[in-house]
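Before I ask anything, here is the structure I am working with.
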Amino acid sequence: MSGNTFGKLFCVTSFGESHGPAIGCVVDGCPPGLELSEADIQPDLDRRKPGTSKYVTQRKEEDKVRILSGVFEGRTTGTPIALLIENTDQRSYDYAKISQVFRPNHADYAYIQKYGIRDHRGGGRSSARETAVRVAAGAIAKKLLREKFGIRVRGYLSQMGDIEIAFKSWDEIDRNAFFAPDASRVPELEALIDTLRSEGDSIGARIEVVATNVPPGLGEPVFDRLDADLAHALMGINAVKGVEIGDGMKVAAMRGTEHRDEMTPDGFLSNHSGGVAGGISTGQDIVCAIAIKPTSSITTPGKSIDSEGKAVDMRTTGRHDPCVGVRATPIAEAMVALVLVDHWLRNRAQCGDVVPETPRITG
Amino acid sequence: MSGNTFGKLFCVTSFGESHGPAIGCVVDGCPPGLELSEADIQPDLDRRKPGTSKYVTQRKEEDKVRILSGVFEGRTTGTPIALLIENTDQRSYDYAKISQVFRPNHADYAYIQKYGIRDHRGGGRSSARETAVRVAAGAIAKKLLREKFGIRVRGYLSQMGDIEIAFKSWDEIDRNAFFAPDASRVPELEALIDTLRSEGDSIGARIEVVATNVPPGLGEPVFDRLDADLAHALMGINAVKGVEIGDGMKVAAMRGTEHRDEMTPDGFLSNHSGGVAGGISTGQDIVCAIAIKPTSSITTPGKSIDSEGKAVDMRTTGRHDPCVGVRATPIAEAMVALVLVDHWLRNRAQCGDVVPETPRITG
Amino acid sequence: MSGNTFGKLFCVTSFGESHGPAIGCVVDGCPPGLELSEADIQPDLDRRKPGTSKYVTQRKEEDKVRILSGVFEGRTTGTPIALLIENTDQRSYDYAKISQVFRPNHADYAYIQKYGIRDHRGGGRSSARETAVRVAAGAIAKKLLREKFGIRVRGYLSQMGDIEIAFKSWDEIDRNAFFAPDASRVPELEALIDTLRSEGDSIGARIEVVATNVPPGLGEPVFDRLDADLAHALMGINAVKGVEIGDGMKVAAMRGTEHRDEMTPDGFLSNHSGGVAGGISTGQDIVCAIAIKPTSSITTPGKSIDSEGKAVDMRTTGRHDPCVGVRATPIAEAMVALVLVDHWLRNRAQCGDVVPETPRITG
Amino acid sequence: MSGNTFGKLFCVTSFGESHGPAIGCVVDGCPPGLELSEADIQPDLDRRKPGTSKYVTQRKEEDKVRILSGVFEGRTTGTPIALLIENTDQRSYDYAKISQVFRPNHADYAYIQKYGIRDHRGGGRSSARETAVRVAAGAIAKKLLREKFGIRVRGYLSQMGDIEIAFKSWDEIDRNAFFAPDASRVPELEALIDTLRSEGDSIGARIEVVATNVPPGLGEPVFDRLDADLAHALMGINAVKGVEIGDGMKVAAMRGTEHRDEMTPDGFLSNHSGGVAGGISTGQDIVCAIAIKPTSSITTPGKSIDSEGKAVDMRTTGRHDPCVGVRATPIAEAMVALVLVDHWLRNRAQCGDVVPETPRITG
């Protein structure tokens, strides 16, 4: 109820602050019999972790995950899988001086108003560090989707500031630290980061996530639509301010003749709807996108208040990403994967033995 | 779990098909002691109902709501409030001919793949008619917010196709059938609808919703962030393909110096974040927007398949809105209200007696 | 959260007061494709309804159920099934005089302390009338269990006051108004009721419920054990004060050599555990029992207080059952059925494709 | 959904197997501002832990708890509190030989039928070791109840086999390893344990739990009654086969004149109902009891089957309690405390500002 559990059948309960002893989660509801070890999870954590290039924060967190339960002799047992990541690089002295002031556009002020108390070290629970946990849980979801259900979830950076990057191929994405789908554009991105660093500024970004080979029938028809649950999952990522499915916000200006996805015996003729109709997957690719705001922690001073309500001028130091969107691709993939696994299981519960008479068309 | 219940503390369980005997819901978790009668709910239903102008569908549903329980001597008792709306204008013969074919961009095909069976009369459960129920439940939420918590939730149409409508005043909205915040623009909207009707086409729209006087502290820090739950609520409305909080998708191109909302002892200097930081309300106005796709049911024929998978050419007749966005404003308001009530109660449960030492600044 | 929804995958949301316009529920999560009509539900309601013999209350409620949604052309569609029972015999004038006093051992005083308001007509929400709704929902669960999963749930009256009734056969139960498994004992029960009526007193009872052909594997290992969920379901029935699984409270005095159920290739040698081990069904019969307190509404005057806290002498008139246990058998069956359906679906979600290598032994 | 989370507002998610690296839980929903350290939790763990006297199992688990999150500068922050207990004494070789056979009356067979796989080391997830986690979470609940809400929860052993122990005083309980409320009876209990050990047998027990100073109004009127949730919590403890509230199973033989709790301006005249009426607390003491079956692991050989379904004769060795009931008192207290905290918060959410006009009478 305090909102630290995600999912209804494949449930992830997250815990931990950026500067406490550890962060982690409990994954409850993973089917038994899946081969699983830390080696299945670590690669996704490594994709997200800070310090991998000079274009992201230079904090050095190892993000080493340990499985504490739920796996026996290399396979899941159907019982809760606890994942633990110990915090190692926690220079909380960096944060001591901000304990009595509120960083603009951070959760600091909202936290103190809500709880009357906050762990000011690195944002505590509101730190982007918490997303490591989601990536870890998502790695299990992704493996389950891939190996048991045949579904693949992948994302990429499609925009940073004014730089829009057209999709070239999935192979490009692993060849650069930006998750850009066209590696030839990377020098532009690097130049932008360099400029921002020198100007004490930051920039927003846009990420696309695509899930392929999703069967039709996932999602519930009214409140817990597949797209609604994707929106919940994606808007719940730190710094996300917009979520789109298929054509997204552009549909406001579109006509019905242009937007509708016609069907033929050989499949759909387009995918404007992003693979979801009436809240239920159609069998086409699930396509969604998020916009991530520019990092709020910048070195250009800004106006704020302190804990007594007095005006202060605030300049955030510390080691921050000029573009938090750069490391967000694995997080967005993880959240989409968690939604899909959850709905796959929900669908199996209610409609597990349905054999539709209407033939399935390809996506 | 089948997704027909919304909310965790203020729970709405919806039921009913467009062409069955009735639609309705159970509202569980409303605090006791609220004055309530059908007269508090009917006006919002009347705002949404079809047939009110020539610019919306000419179906004539009375949408007369009846309270079946949970109210005694004019006040809520704390027990479930059941709301019932009987269906009156159910020309299901209109739909008989489409029972064996799938309307493009509708849920028809996805339903049959999921359930192996579907109520083809008017879309059954996927019909926009179901949203009447949300409006009814939302009217209770809005009253509770207004009278007990001092919060007001209002929406308006900000775009239809290429026509963007700048906000003029809340008073304008009730003066036209489009919920447009500038009544002087209505002739343009009417002309567009007329054109679409003659062309057998439809158009998308954009709706903004604003909640004022929201206290800081609503929302949970990780998965069930206030913005994440708003996204879930809004993306769960039929035909919505994008959700934005504050600056929304535009943040992808913004800089930190531009986007961050600075604070002073006299309040925030801007509201780019839409009233939510780190998933928790800041005390500023909550500002969100949705994009609604063009109506899929249009009279221009389109390619589709029938229940045996064979190609058909499909021309949707029946009485449909050329722009479903026109009647969506009350629905969006209702969903935002339901989220806010739910989080208000969740916050009272966990932090009910917190008295923050930091003074509250104005929004 | 306000506790009017039962189940996690097969969810029943109950509403209605005894003297309002109607009671009813929404059943969400029923798999599609089940043949269903009112005729499947009414018989169980008729078994529970008052006025069927002179040994129960003489209120005359028709308890006529109507299906409002979720069924199309005689089969469930996978969407919410709303059930409505209108109240017909609501002599609320009977209750006007008790509006300012609290009946001893009733929920009256607790309600006013909790909600600050109560619907005093017939107990409002705390009325046993609400259990009609559970019986109606349970009838759907029972049909699903029987026809799709091969499971049968049946109950009987095993004790009323000092009269203990040994199980003779299931056929006997339908031959008498007491659900006694040995019709030859009925004259004793009738005599006891007559005595209680003349003495202005009431009596407790014990009900057993047995589920046969339950597969092994239902139930979750820690909190939501099958037996824990049965206890929740059964203790949640009005007037129940004790719940037992298998040997129940007697195990406190038993030895391990006596209690343990040994296994052979031909099956279990005993069923002291009532079909549940470690919270999970073993494949044996599920056996549980409840004790129901004597009716609190009796004509012998008792001490109480009024709404100002002053002492009053209270004599409950109205039409009450001398033994509420008499009509409780269908309710207990319904609750057990709801638990089993829910866990069957939960198990299908998580372990749906498990094929255990160990052969299954018979119960 | 897989049932490893307890509570709706004060949520405990448990993980870990008896012979894995660690067990633990995440407590989500604890209000902010509670002073908390490991020193508040350890004493209850020490009360439950094995090896404290010769009358319980001689396994030596330190049960040292560590708080990983949710506490900052000695106070809870309102964020998830993760608790970790590392396993130290895990002689799993003791269990290797039972990997291919099923212990009678254990969950072994049910697990393999459900999951197709099981962690056979010490019962894995079904081990009583998991209850340490509940005791740890319960210690937080107990502290919150005591310090913030003024409620106290205590339990005692009232019966072991044929030995019934009348309540003498709460002070006695801490003076003996049996949690007996009359220390003069301890020699009898010791003698019984000695006899059982020599005979290779075990014995059942009965535990009472009493909560004092509970305000009226906790509990929801229909499914999630306070007593129903207590039954769920208590029946969910390993080896529990019966749960009673107030007079419990005895009510089946009682009369209304005898059972009803009359009220006067000075309070209730009796507490047969155990402090709950209509599912809601009345302000009297909450009184409940459980029966715990005799330990299934005994040295007297018993019939069973192996993983191929063949007959085996089974003699459980290892270090087991002759009476698992001896160490169950802290577990039962913990579960009752968790239910009360949860309902206290639920009540605050929905009825937080209710001021009943009727004066409160003492319990």
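Miscellaneous remarks
Lettered A, B, C and D in written order, each chain numbered from 1.
As a convention for this text, a residue touches a chain if its C-beta (ideal position, glycine included) is under 8 Å from a C-beta of that chain, and two chains touch if they have at least 3 such contacts.
Heads up on the chains, UniProt names are A, B, C, D = Chorismate synthase.
Everything numeric here is computed off the predicted structure, so don't read it as measured data.
Common neighbours of chain A and chain C (chains touching each): B, D.
Annotation: A-D is the more contact-rich of the chain pairs B-D and A-D, by number of C-beta pairs in contact. Centre-to-centre, using mean CA coordinates, chain A is 26 Å away from chain B. Each chain gets a centre from the mean of its Cα atoms; for chain A and chain D, those two points are 38 Å apart. Between chain B and chain D, the centres computed from C-alpha atoms are 45 Å apart.
Residues of chain A found to touch two or more other chains are 1-2, 4-5, 8-9, 14, 29, 32-33, 78-79, 114-116, 125, 221, 346, 349-351, 354. Against chain B, in their complex, chain A makes its touches with residues 1-6, 8-9, 14, 102, 104-107, 109-116, 123, 125-126, 130, 159-162, 196, 201-206, 215-225, 227-236, 238, 240-265, 269, 272-274, 277-283, 291-296, 298, 300, 302-305, 307-311, 325, 346-347, 349-351, 354-361. Only residues 1-2, 4-5, 8-9, 11, 13-17, 20-24, 26, 28-29, 32-33, 66, 68-70, 72, 75, 77-82, 84, 114-119, 124-125 of chain D touch chain A when the two sit together in their complex. Remark: chain A residues 1, 9, 29, 31-33, 78-79, 221, 345-346, 348-352, 354 touch chain C in the complex.
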